[in-house]
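Down below is the structure, laid out as structure tokens.
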Amino acid sequence: MESLTHFFNAFIDSYPIFLKGMWLTLELTVVSILFAIVIGLVFALLKLSNIKILEWISNIYVYLVRGTPLIVQIFVLFFGITKLIQMDAFWAASIALAFHNGAYIAEIFRGSIQSIDRGQMEAGRSLGMSTSLTMRRIVLPQAFRRALPPLGNQFIIGLKDSSLAAFISMSELFNIATTLGSAKFDTLTYLLIVAVYYLVLVLLLTLFVNLIERKLAASEK
Amino acid sequence: MESLTHFFNAFIDSYPIFLKGMWLTLELTVVSILFAIVIGLVFALLKLSNIKILEWISNIYVYLVRGTPLIVQIFVLFFGITKLIQMDAFWAASIALAFHNGAYIAEIFRGSIQSIDRGQMEAGRSLGMSTSLTMRRIVLPQAFRRALPPLGNQFIIGLKDSSLAAFISMSELFNIATTLGSAKFDTLTYLLIVAVYYLVLVLLLTLFVNLIERKLAASEK
Amino acid sequence: MTTIDNLMIKVDKLNKSFGDLHVLKDVDLTVKESDVVVLIGASGSGKSTLLRCLNFLEMKNSGDIIIEGEKVEKSTHNLNKVRERVGMVFQHFNLFPHKTVLENIIEAPVKVKGVKKGDAIKEGKELLNKVGLGDKLDVYPSKLSGGQKQRVAIARALAMKPDVMLFDEPTSALDPELVGEVLATMKELAKEGMTMVVVTHEMGFAREVADWVVYMNDGRIVERGHPNDVFDNPKEQRTKDFLNSIL
Amino acid sequence: MTTIDNLMIKVDKLNKSFGDLHVLKDVDLTVKESDVVVLIGASGSGKSTLLRCLNFLEMKNSGDIIIEGEKVEKSTHNLNKVRERVGMVFQHFNLFPHKTVLENIIEAPVKVKGVKKGDAIKEGKELLNKVGLGDKLDVYPSKLSGGQKQRVAIARALAMKPDVMLFDEPTSALDPELVGEVLATMKELAKEGMTMVVVTHEMGFAREVADWVVYMNDGRIVERGHPNDVFDNPKEQRTKDFLNSIL
Amino acid sequence: ACGNSDNKADKSSKADKKYDLVNPGEFTFAASGEFKPFSYPDPDDPTKMTGFDIAVGKAIAKELGLKPHPVKYKFGSIIAGIESGRFDAAVASHTVTDDRKKHANFSTPYYYSGPQIYTRPDSGIKSAEDLKGKEVAVSKGSTYASMVKKYTNNIKTYDSDVTALEALSKGKHDAVVTDFVTGQLAIKEGFKIKAQDRLGSSKQAVAVSKKKEKLLKDINKALKSLRESGKLSELSKKFIGSDITKEQKVDK
């Protein structure tokens, strides 16, 4: 009971600070996912290009990203890339997260493009449309809709993974929790508080994705 | 060229330490995945039990785990729960990883159990077998085989996620990389070295999973 | 039509609904020992649901189901025990794909009845010989044709030594050239005096083997009688229409 | 059989393989303007492959394909341009599910030919009226019956004003009661003088509409002639056998 | 393997030119932000840091006539960051060691402190000798690791000293070696830990890139004037509660 009061007091005292962290978390997530979608699309198309060397490039990229922990990728980008190009932690984290999520999104797009009936491409081509026009106008729009549920899922994973940016000193939610925790010598309380923030964000994101899915489904049928 | 030599020298000098870290990484991964499989199976069965309260428990568990970052879960277990139960970092990390992976594995099992044709359960029951006997002898063995590819995938994710145990002082691969990096004032080199270790482990694991899948497929047809 | 002492199954005012959908309406049915009853009717008329109620894979809403003189209720009976006495063969075979043919057959006797494995194997082999698959013992179901699968499924049900066998469209998932081998096995079984309730569209089989034909429509039993009577002189207009549509 | 100046399609010693599988073997075919050619043959005989080669969805291995007097080669021609002149209708319609009926129709004229959107819509509406679907403009394909879908697909192909139309079993994915409406649309088209190559099993249609019937077997053209000749007096034994098997 | 490019030099002021600063007009210095009370997040705005190190860094900037620009960076990689030109200096409680001198130059010390052994209250560990074979946690990149290595091989590393102390108070590890100022503060904040022997004394100084000698000279000048004006002692009292800026005798 007492510790519950303590929790709520800490929650209320810290909320202005956490809201700032939440803002940064959201910025990181949105920026990195937007880049990741572009990256994912490019590598998915490379993989499906039927040109051996491009397929290889795509495979290697996916293998490197899927074969190493995200935290290693973030650190390598932070300590590596920024050695060559002066880049602040925000961009290092965003780019690391973008490339990481991009590999998973590439697989999502590849799957959803391949799941579109071959007849769609053939129908477009039989009307005199070029392969790339058919891809753009016919296949991709359908593939995109089909990719939406796993994309939403990846979005949630991206949100949670942005917590690792804390370790390259981004003051996002998790970093705020640990720094407040060590400043107040009370890590557990602030960890539980930040868990609440993440749960709410994930819940909102889930609802949002469901909403969009339902909208799209409704518009078509 | 010079930096390549530097990389190889560092690689060779550090390998005895990294091998120790690799051993710990593997221990963490294997222990946590084994527990996760048990946890996942239990919660999958709860979810499919048709008993509202058990379904709810399972849903809440999955939601809590999927709704918060792994690093938060690890820290909470390390600083929180273990206050009551004395538990060293190895077990705190293993249990955190087990519960985390368990939620994903529960969803994998749930999906694979549901994918088994209802007729299998009915056939078992029509022969006088009880629900639980049919589940054990007929449905689960088939579900397990079907779950193998996503389980293998989750195994790889678990391996990579074990890197976060570094932050609660486990001397696994990633911790060794950053510790060596800061001792030698050369973080990047050791990060790249550790990336190689992870890539090799993931590659071996992938081959291993493929092997098992092929074995199982062969034994049945 | 029946004397009380050799009654195998008696169904009395059976009702079954799925939610708002009233699927079985006051169904009465009597099956004597060694009877072969063929159930016919349009799709959705409730034939499968009736069979599944007899095997307690679905629970009735009201009415009585009396098996070998015992009124079976969920509250008073171990339904697993009842199912041991009532074998069922499904349209889609439902063999266990991860077990060999022989393992499919001995699974329930060993695990449910506690038959010794050696004995179960011996009996299993005999049953497989009987359905003409004595050479397929160690093969997995995926290697069998549809007709072979269905014969294994029949042998599997027989391995529990049931007193009645229920067949739900056992041949309708089969290519036409494979129907014959399954019907032959079923005829054999009927000849040996097995009590059988069969849902089928094979009118030739019904004419040749059935003691009774029961026509269902929209959850009710509309007409019943000897095959020749029902097929050649249906009393009800609905029966006539149905028979015209399928013949 | 043809004079050179009104030749629409001429195929000369066409060969096509998929890997080791030799699917088209020295196929010769001639289609004059306003001809309706019906292609028949057993499954796997290469009918679809031949149509797809004519539309360059598959690339021939050897032989010539001459469209309206031009020998078309991948190296010298923009195949997209050629396809504009050769419309194709598929067994499974392949409508674009994320576009309304009208959007399906105007997509290619607007994006490929650069027709103004307003004009494309006007022409699209006329075409839809012609196939009897003037009231379905803003409906998505998922709301249409199979027959309606196929009629939209025909309208979509016509919107590019092709000189030839290829049909690959346009009615074989349809429920029997929907076949008529599609065949009616095709007859209409034939009457208007459209050159058509049709793969179909609808022998009634072939008899009534076809100028020529071509029978393919195992990648070769075995027999060709007027419908009544081929159907009533097939010269080849294989043709006889095939006709017996499907009639 | 590389260094900072000089391409910003032409746009910068005279002061920048002589220092070759990372950001023109700014004194960019690093601190870990995980080392209370020396550097930690400002409770009012955790995106900013506060603490003794930060205050000293700001005071130096003022003396140099530059705008202070504190940067939060992993302690374990700060020296490498200086070497590769990410910041002009580090005011991050770096103990001066020979190893570190190979990678960066150091100013005159701005405070004196020393590592101390911390244990749980019921521990039998008192002195460095007692650490033999025990599990000891330290922060990553600190000098304590090499110090403890003489007694035990079982060393656990954390990113933050405070995290290590908290783990200790919750029953993890046998001991933590950290700066005695940090340890004392943790005890004051209620951590259930006990201070044992000190492990000698150490000097903490500002680390500066080897390429920026002029900057080092002026930082030393700035520190001198801060010391003489009493400003340094004042900051020490404010953040630490006592004056640790003067060399003191330690009971070893």
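Should a chain be cited, it is by its letter among A, B, C, D and E, assigned in written order, with residues numbered from 1 in that chain.
By definition in this document, a residue touches a chain if its C-beta (ideal position, glycine included) is under 8 Å from a C-beta of that chain, and two chains touch if they have at least 3 such contacts.
Protein names from UniProt, one per chain: A, B = Amino acid ABC transporter membrane protein (PAAT family); C, D = Amino acid ABC transporter ATP-binding protein (PAAT family).
Fair warning: this is a prediction, and the values are worked out from it, not measured in the lab.
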A correct list of chains touching both chain C and chain E reads B
Identify the chains adjacent to both chain D and chain E in the sense defined at the top.
-> A
Can you tell me how the remaining chains group up by touch if chain A is left out?
-> B, C, E | D
Top chain pair, ranked by number of contacting C-beta pairs = A-B
Quick one: which chain's Cα centre is the longest way from chain C's?
-> E
Report the inter-chain centroid distance for chain C and chain D in whole angstrom, where each centroid is the mean of the CA atoms.
-> 49
Intercentroid distance (Cα basis), chain E paired with chain A, Å = 35
Rounded to the nearest Å, the gap separating the Cα centres of chain A and chain C is 54
Any chance you could list the residues of chain E touching two or more other chains?
-> 74, 77, 80, 159, 166
Would you give the residues of chain B that are in contact with at least 2 other chains, written as numbers and ranges?
-> 79, 83, 167, 178, 187
Pairwise chain contacts, counting only pairs that touch as defined | A-B, A-D, A-E, B-C, B-E
Residues of chain A touching chain D in their complex?
-> 117, 119-120, 122-130, 133, 137-138, 141-142, 145, 220-221
Chain E residues touching chain A in their complex are 2, 22, 33-34, 36, 40-41, 43-47, 72-74, 77, 80, 84, 86, 159-160, 162-163, 166, 186, 189-191
Along chain D, where are the residues that touch chain A in the complex?
-> 55, 57, 80-81, 83-84, 86-88, 90, 92, 94-98, 107-108, 111-113, 140, 142-143, 153, 156-157, 160
Please name which positions on chain B make contact with chain A in the complex.
-> 63-64, 66-72, 75-76, 79-80, 83, 156, 160-161, 163-164, 166-167, 174, 177-178, 187-188, 191-192, 194-195, 198-199, 202-203
Residue positions on chain A within touch of chain E in the complex are 17, 20-21, 24, 79, 82-84, 86, 167-169, 171, 175-176, 178-180, 182-185, 187
